[in-house]
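In the part that follows, the structures are each spelled out as structure tokens.
Shared chain: chain A. Partners: chain B in the first complex, chain C in the second.
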Partner chain A sequence: MTIDDVLERIRTQMNLEAETEYELLEEIRCHLDEAAADARVRGLDEDQALAQAAARFGVEEVGRELQATHEGWGTLEGIAAAALPVLFALLMRWLVFAPDGTFVGWQEMVGRPAFWAVAVIALLVPLWRFPRRRYALIGWTIFWGLSVIVIVGGAVRW
Partner chain B sequence: MGRSTISSDSIDQMRKGTTTLAILKLLVDADEPMHGYRMIQELEDRSEGIFAFNEGLIYPRLHQMEHDGLLNSRWEGEPGTRRRKVYVVTDRGRRQLEAEMEQWETFRRGMRLLLGLEAA
Partner chain C sequence: MKDLTVIETILRDRKNFFQEIREGKGLAEKMRAMLVSSVAFFALYGAVMGSSHSLWQALSSAAKLPLLFLATLVVCAPTLYFFNLNFGSNQSLSQNVALMLTTITVTSVLLLSFAPVVTFFLLTTSQYQFFKLLNVGVFTISGIVGVTFLSYGMRIVSYGGGESVRARRTVVWLWIILYAFVGSQMAWTLRPFVGAPGLPFELFRQLGGNFYANIFASIGEVLGFVTVR
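This part shows the complex of A and B:
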């Protein structure tokens, strides 16, 4: 038996995003490595040490618990990641159009601190909220895309 | 006479309710980042062997605590070497610890009064 065999037994209990599973298994690998090393110091051979580390870890139960704990997080993050750029783009549109629907003009728009505040907050909120930075960067790109569409395409009126 | 121990069922019930508190207290006392394996060792040492943790079950708890904003985590170590995920308590975690310690102390005193182990 190897650590990879133990990790595979845990992995079969999970059905999560590949990246999430990879991170979980890497954390567990570190734990099993250290536990097995301690067991070897106490006089067990390689196989016995890993077997003891795996038994103390509680392989199947942990796989199920991790699945139960992480299930749905990705979906919620996905919904939030999709909603935030839309919300910020709507906010940006509200900032750059006067109440009568006239466009305030590019020069005035980029001179407004509120414009830059929204742009920065649209990046900082997802960076703070999501554990993966690429979610934030993708969301920010979508935010700018939507903003350009609703601002430049001034004909778009909701 | 040997020291009394607690049944595994009781320990399991208590574990579910108290692991969060134990982890928060451990990390605040240590005042340094810790990885899961070290936390297990420290918690077992602290309980003088009365609580034998199912080691792996600390991870779902840690992840839930991080999701709830009680802990932050980061990976330590260079890619290609042995990397460890370590955890630290957030401000929200410290506030929760204070609140739970207070509740725990009230519960403990209430039980001692109830069982006649302490005079009112």
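This part shows the complex of A and C:
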């Protein structure tokens, strides 16, 4: 039995995104390596050390627990990446600019509490919860950029 | 937040999800999770649609879009149940509703995935008819994918039941046609969702005309043949 065999047994208990599975299995590999090294120091041979480390881990249980812990979060990140930029672009449109969507008084935008409240929340939500937050932040930046260009430029009336 | 994780189960582990519906396992929890997620996603997409007009239209569409799908579900659920019953199914009404909610949830998450695209066009174009047709296209694609889930789910949920494969397929397709007709008429009744520029905000518009005639007129205007008033 090798570490790869143990990891494969754990992997069969999971059905997560490939990237998440890879990260989790690499972390387990490190723990197994350490546990096997400890066992070797205690005088066990290579196979026994690994078998003991795997038994301590509880291969099937670990796979099921990891599945239960991480299930759904991959899709939630996708939902956040789609929803957050759209939600904050709409909030900006209706809370920051004039209610009729025109650029009247846009210069006072930076002085409005609503602008800063939306901006801070929009920045903090992805930073707070989502590991792959950069996509949501970039999407959010693009929509805010477009909103400002269209409003300030006045090329298109909303 | 936990309710939203149902999306991953439906999309990634659909066979197991439908098998649990067949066994009636965790039906109430599943239905609640699907209801919460689909209402949230429809509301956001509705807000994007209405934002082309005014804040009131955005809020109104955010409330009306979930209502459109849920009302269509309520209207069509008994038909699916009795159609299935007629062909020897042993599924309960709750199981049928759970299947329909799966369709609606898949449709809603696909609409959500299109929301950034529609927001982009909302910000960069002011042509009402184009924006309306863009939304019709997005709804069509999302709806078709949603009902293919129903077809797949029905195969699994009805597996081992009394009905034949052919009868089951007929039931599903008849019901999908009915669902499309009821849905489009419901959308027409609850309109406007986008809001015509130049017209003041209206919660509901007067009845008259029909969905299909309006779409053909919009296509005509986008192509430059007619002007829709």
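Operating definition for what follows: the second predicted complex is superposed on the first by the 106 of 158 C-alpha atoms of A that agree within 3 Å, B and C clash if a C-alpha of one lies under 4 Å from a C-alpha of the other, contacts with A are read in each partner's own complex, and residues count from 1 in each chain.
One rule holds in what follows: a residue touches a chain if its C-beta (ideal position, glycine included) is under 8 Å from a C-beta of that chain, and two chains touch if they have at least 3 such contacts.
Predicted model only: the values in this text are computed from it and were never measured.
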{"item": "Superposition-derived comparison: chain B or chain C, residues of chain A touched", "value": "C"}
{"item": "First, second, both or neither for A:W73, with chain B first and chain C second", "value": "both"}
{"item": "First (chain B), second (chain C), both or neither touched by A:V118", "value": "neither"}
{"item": "Touched partner set for A:A82, first chain B, second chain C, both or neither", "value": "second"}
{"item": "Touched partner set for A:V59, first chain B, second chain C, both or neither", "value": "first"}
{"item": "First (chain B), second (chain C), both or neither touched by A:L90", "value": "second"}
{"item": "Contacts of A:L146 with chain B and chain C, given as first, second, both or neither", "value": "second"}
{"item": "Common interface positions of chain A, toward chain B and toward chain C", "value": "73"}
{"item": "Residues of chain B touching chain A in the complex", "value": "35-37, 54-57, 59-60, 63-64, 67, 82-85"}
{"item": "Residues of chain A defined as touching chain B within the complex", "value": "23-24, 26-28, 30-31, 33-35, 56-59, 61-62, 65-66, 68-70, 73"}
{"item": "Chain A-touching residues of chain C, taken from the complex the two chains share", "value": "1-2, 4-9, 11-13, 41, 44, 47-48, 51-52, 54-55, 58, 109, 112-113, 115-116, 119-120, 123-126"}
{"item": "For the chain A and chain C complex, residues of the former touching the latter", "value": "15, 71-76, 78-79, 82-83, 85-87, 89-90, 93-94, 99-101, 139, 143, 146-147, 150, 156-158"}
